[in-house]
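A, B, C, D, E and F label the chains in the order they appear, each numbered from 1.
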Amino acid sequence: MSGRPTLIGEDGLRHDNRRPDELRSIKMEVGVLKNADGSALVEFGNTKVIAAVYGPREPPAKYMLSPEKAIVRCRYHMAPFSTAERKSPAPSRREIELSKVIREALESAIFTELFPRSAIDIFIEVLQADGGTRTAGLTAASLALADAGIPMRDLIAAVAVGKIDGVIVLDIDELEDEYGEADMPVGMMPSLNQVVLLQLNGVMTREEFDAAMNLAVKGIFEVYRLQKEALSKKYMLYIEE
Amino acid sequence: MSVTPIQPPIPKLKREAIVSALKKGARVDGRGFEDFRPITIELNPIPRRSNGSALVKLGNTSILVGVKISVERPFPDRPSEGVLQVHAEFVPLASPSFEPGPPDENAVEVARVIDRCLRESKSIDLGELVIVPGKYSWSIYNDIYLLDHDGNVTDASTLASMAALNVARLPKLVSVENDQVKIDYGTMDKQLPVKLNVVTVTLVKIGGYILLDPNLDEEILAEAKVTVGIDSGGRIVGIQKSGGGLSVSELNYAVDTAIKKSRELLTLLEKALKTV
Amino acid sequence: MSGRPTLIGEDGLRHDNRRPDELRSIKMEVGVLKNADGSALVEFGNTKVIAAVYGPREPPAKYMLSPEKAIVRCRYHMAPFSTAERKSPAPSRREIELSKVIREALESAIFTELFPRSAIDIFIEVLQADGGTRTAGLTAASLALADAGIPMRDLIAAVAVGKIDGVIVLDIDELEDEYGEADMPVGMMPSLNQVVLLQLNGVMTREEFDAAMNLAVKGIFEVYRLQKEALSKKYMLYIEE
Amino acid sequence: MSVTPIQPPIPKLKREAIVSALKKGARVDGRGFEDFRPITIELNPIPRRSNGSALVKLGNTSILVGVKISVERPFPDRPSEGVLQVHAEFVPLASPSFEPGPPDENAVEVARVIDRCLRESKSIDLGELVIVPGKYSWSIYNDIYLLDHDGNVTDASTLASMAALNVARLPKLVSVENDQVKIDYGTMDKQLPVKLNVVTVTLVKIGGYILLDPNLDEEILAEAKVTVGIDSGGRIVGIQKSGGGLSVSELNYAVDTAIKKSRELLTLLEKALKTV
Amino acid sequence: MSGRPTLIGEDGLRHDNRRPDELRSIKMEVGVLKNADGSALVEFGNTKVIAAVYGPREPPAKYMLSPEKAIVRCRYHMAPFSTAERKSPAPSRREIELSKVIREALESAIFTELFPRSAIDIFIEVLQADGGTRTAGLTAASLALADAGIPMRDLIAAVAVGKIDGVIVLDIDELEDEYGEADMPVGMMPSLNQVVLLQLNGVMTREEFDAAMNLAVKGIFEVYRLQKEALSKKYMLYIEE
Amino acid sequence: MSVTPIQPPIPKLKREAIVSALKKGARVDGRGFEDFRPITIELNPIPRRSNGSALVKLGNTSILVGVKISVERPFPDRPSEGVLQVHAEFVPLASPSFEPGPPDENAVEVARVIDRCLRESKSIDLGELVIVPGKYSWSIYNDIYLLDHDGNVTDASTLASMAALNVARLPKLVSVENDQVKIDYGTMDKQLPVKLNVVTVTLVKIGGYILLDPNLDEEILAEAKVTVGIDSGGRIVGIQKSGGGLSVSELNYAVDTAIKKSRELLTLLEKALKTV
């Protein structure tokens, strides 16, 4: 409305006083839902995402199942109150695309061959969107899968990097996404050095892409550490009980 | 078209346990017939994107309500009123038996029952929500999101809606000039004109017994269900019976119980709102 | 448009000269359609509703059937020309809700356990709407079920009561619904004293609710009498033939 | 996508009865090849909510048409004309083989064929239905509702539509001032400008025989079907062939028969309209 | 915009200099797609239509199959860029109707009884619409069926005739359709003298209908000749290879 | 909801042939790992109805793009810009595995990836497409139509889109007066403001090998796929990875290869455009 905001101040800090390579405050909690076989709540700053896993199971509705492996069904969905303007509940083209790339990322981590003729269902609900919802959603879904006891090659940790005012920054929020030059969500199985989600929306030189990827990897390892903490917190408490 | 739902059957042992407990005047989770499950109300869990929000847990049932407010054109037949819309989504996250898709008849019913209770009781004074008659008024979207389903979604949703509406704030109205309205959606300003609070109280009938606040097993077993809306003045502001039949005297008993027990919910709500 | 009309005159009569406890002129006819297994046309004043029953049968499309009982499929639907403003043929949220409450009411009356693995289909079409369409529809559907020879615990008779200008009245029409304080549709199996449909849209005190329910029961027994007359009319004529 | 319908098979005995009767020059219901079934026309069965309506029974086929009229913006490419829309719903009440849902290809086809016959013949003078060019004109919705399906829905629907349009009345236009239009929707005023009547006549071919007004059994057995629209001036105002093939001479015979038999329908319609 | 154009000039010629009984320039090519079992591209002047046939096959999605014959599935569809105003991809009522009449026409030519329990799928895409798209589509679909080796009683050839300024003309284009008095698409199995598609949109006297039908038959035989040429061109080239 | 697609299995022999060829540094169709299939670009195959169009064949994959341009209201949050919309339809004509229906996730993904590459690179200067700010601007619809599917739909679609946008012409703007715009849609006038060209380059990983421009068999066998958008300035203007995982070094290799090979596509495109 009143023109483009300053994204990087003279002190080199971002609009919310973060350094370029600094994550937002991150919260993770595993096992937050009663009905789901696995669940997790993940917050990156004001972004708040919940994920639930059901399965392996026979799908409630009829789908073509595979005799060789579990099929994965995944929905990334935004609550009507999660966005600046109220979001219609009908799936948008954006949600259709993100459901696909998240599904493919998760599918590469799950040992689906262990569960032929069954379905693993992953439901991600964005409760509050402030940038990085797909990476927060992927991170939460991976935790929910672990919580459901579904064997995975590795957890998936994810974060978005971006380019704002020419600077490569970690974990961009919605304001930075809107006014910045590039947004690059990245998801990895960190221990296996496998990038399982990668999109670039924006313009970068070859060198900037290198810098962005390096910064993403750095952030991802931090997210990965927090994931493991959240899991051990739940399961250690169980042991203590 | 409405079709008989095919419910996952409740194991026979569980069913017998529930019914035999009832015969002894108790419920398997230790509650009396007229007891609510534990209730928690969290205010404004969605502070950045909703104008008001609340997370209510009623036992294991978990409801998130977000209220969004924007300026829109009022309905042509109500030019001097704001608009209140209640919607509910039963997202597949909340239950193994839900599938993605447009709201099914259960979600539609919950939303419409709550919508009517709020509207008929005049809980929100819509007349205060007009900005320029016939041209601009505030539209209130009350979106009910079911996160975890363990029965009695309606009462939890009414409570969460009422809490969210109480804490909601209108965006700042910057100026009204020459039929042009300027809104600063980033700044929260005045509260909504909530004139009175409304709650709903739901009861079911199982094997001749009338129980308050059914959990999911009890709902599946129930022969009949009735939801009664009560406002802070003790008036009946809505009724919805579903499932099978009830005698007139059973209905009277249910209505009396609902009126009586509504005080607990209203007190709880008021207490929670005082913490803001 | 020109303000709220007078609902109760100084003589205590309603806008159409009815007493508060007076039904509109009611017409019922059974067996009005050739293809349907059972059918009925019901009019309450200007409200005109037709109902058809097919079944018990294998449903034309695939539905989950039950091994224990017939499933009931019910649609309450309004013709485009039945309302003041032309109604779009797509099902509204109101129609979805009413289809459900009517289905549940009918289901409580049908001996569904006699027809496992089958479907009983009930289609209600509102041809002209002037208040009380759901109760007229339920009344018609119950007649259509009887006409189809489907065993029922009892007929269902229904009528809406309301509160207008503070007075509890029987069988409210659309004008009274629109400008009145409360609308309470009630459906019963009269001989069994079972209320199978009950909704209250509006505000009542505890005492008013009692009065309204009592008036509803009174009206329902009159509707019940007319239903039995309509049925015996059709079936006695058959015997005479 | 259009898919071959899987029809419930007609029992062999019935099929043979129909065909062997044809060989003797008769139909199983006693009609000759060029006979209509009994026709009744009831005018204005929906007096309170529709601007005009008619219930037509053609044998056991039953069609209710309701006409609704309101003021709307004319189409941008026809600023000086009113709008006529014909829709058809084959509701599941009418046949054991219908399911709820949006209009299928058969309902769409019937509506579009009738729409074209009315439009191309200029039966209704749409030019008289403009109020303020480019801004306001009368929109006529002619909704066809199939209540009982025993074949030849098209001819019954055309007849019911034409009857309903003839008895329909416009709402009262109270005033037109400064590009504002006031309508009293509660008061019925002038008739629609119906300039000429249109009927359709449908014939099928079974085993080489051409039959008028097929019932449902005959439609299912038919190798081909053709509907011809004829106006009160005897002109052909539309043709729709469906099903399989016909020779040119068979088509010519069908068209000649349709023109001849259209007089009966037109006379019947005019007689019915005189009773108003 | 600027009034009705002259459709027939003083010289008796049409707006594009054709004689009343003259076809537009017609192009036909068979076997234009790699994946389809049969395909054809057909142009009538600026009208450009492509058709593909898959089958006989098990349908990809579940449909009710017949134990006695192949079912035929047919879609007539217009590309968004094919029309004067961009067409929404959702099927219009017009496309639904035309899919049906084209399906019925094709079905009458195919020996469906040779392929029980299977589906024959015909997809027609209008790439550019300038009048006569349904007849061009039917002509192309018939070629695609032949290309797929599906046994037919005869090819189907089709063309639209019309009445413009009172003159009966062959192969009307969109301008003539829009401003003319009648449009009559006709499809035939020419060698069998079977009219398999016939619609009249407009007003004609009995005599005009005769003249129109005669002109249509004349045009159809010319289209039929071109179809056979196109087929022999493809298959003779194969033989030469 | 996105669901694991059940692919028709590739016959074992074919699979083995593909993989064993790769081990020898070759592909079964004779290409090297970094070779495109033969590419042809036909300009303006839809001259009468589209403002610009192109037909691209990439091996056996065939894509038709039509561009339609009309005057519409600009988006409220971008009052001084035209609108560019990219849509893709995978019509059932193009593959035995496609069914009619709304665009599936694959069509949505292709359209959105290309949309982002065009938008983020500012290939089309939308600022030049405003007519009256806030009221009228040019809307560009770039519709991608898949006619024959043999893999790598994205690169063929980007090329066809870029070609069609380059040859597209705006309808003639006759006059702008008093907030009224007159357009002659029948006359083609100025070109679109194309500031730079964009192509995408897609690579897949099979058995550890990275291959350019996969055909359909290779796509089905692929463990992972990545598409990189490159503009005529050599900048990266978009990336979309799909399928399974890739190491960072594999990604770097893919990006380097994409940048290198993008020159071939851009040269081809420029050559084709010179023929106009």
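In this section, a residue touches a chain if its C-beta (ideal position, glycine included) is under 8 Å from a C-beta of that chain, and two chains touch if they have at least 3 such contacts.
None of the values given here were measured: they were computed from a predicted structure.
According to the touch definition, list the chains common to the neighbour sets of chain B and chain D.
C
Counting contact pairs by residue number and requiring over half to coincide, which of A-B, C-D or B-C is equivalent to D-E?
Answer for the repeat of D-E: B-C.
Looking at C-alpha means, what's the farthest chain from chain B?
E
From chain F, which chain is the farthest off, judged by mean CA positions?
Centroid comparison gives C as the farthest chain from chain F.
Please work out the Cα centroid separation of chain B and chain F, and write it as a whole number of Å.
Here chain B and chain F have centroids separated by 48 Å.
What is the distance in Å between the mean C-alpha positions of chain C and chain E?
Centre separation, chain C to chain E: 51 Å.
Find the geometric centre of each of chain E and chain F from their Cα atoms only, then give the gap between the two centres in Å, rounded to an integer.
Taking the average C-alpha coordinate of chain E and of chain F, the gap between them is 31 Å.
Can you pull out the residues of chain F that are in contact with at least two other chains?
1, 100
Pull out every residue in chain A that's touching 2 or more other chains.
75
With chains as vertices and touches as edges, which is it: line, ring, star, complete or other?
Topology of the interface graph: a ring, with each chain touching two neighbours.
Along chain A, where are the residues that touch chain B in the complex?
33-36, 39, 46, 48, 50-52, 54, 57, 60-61, 75, 77, 79-86, 89-90, 121, 123, 125, 127-130
If we count contacts the way the header does, which residues on chain D are in touch with chain C in the complex?
Chain D residues touching chain C: 45-50, 53, 60, 62, 64, 66-68, 70, 87, 89, 91-100, 102-103, 141, 143, 145, 147-150, 185.
Would you mind writing out the residues of chain A in touch with chain F in their complex?
Residues in contact with chain F: 63-64, 66, 69, 71-75, 93-94, 96-97, 99-104, 107-108, 112, 182, 184, 188-189, 192-206, 209-210, 213, 217.
Within their complex, state which residues of chain D touch chain E.
Those in contact with chain E are residues 1-4, 6, 105-106, 108-109, 111-112, 116, 120-121, 224, 226, 231, 235-248, 251-252, 255-256, 259.
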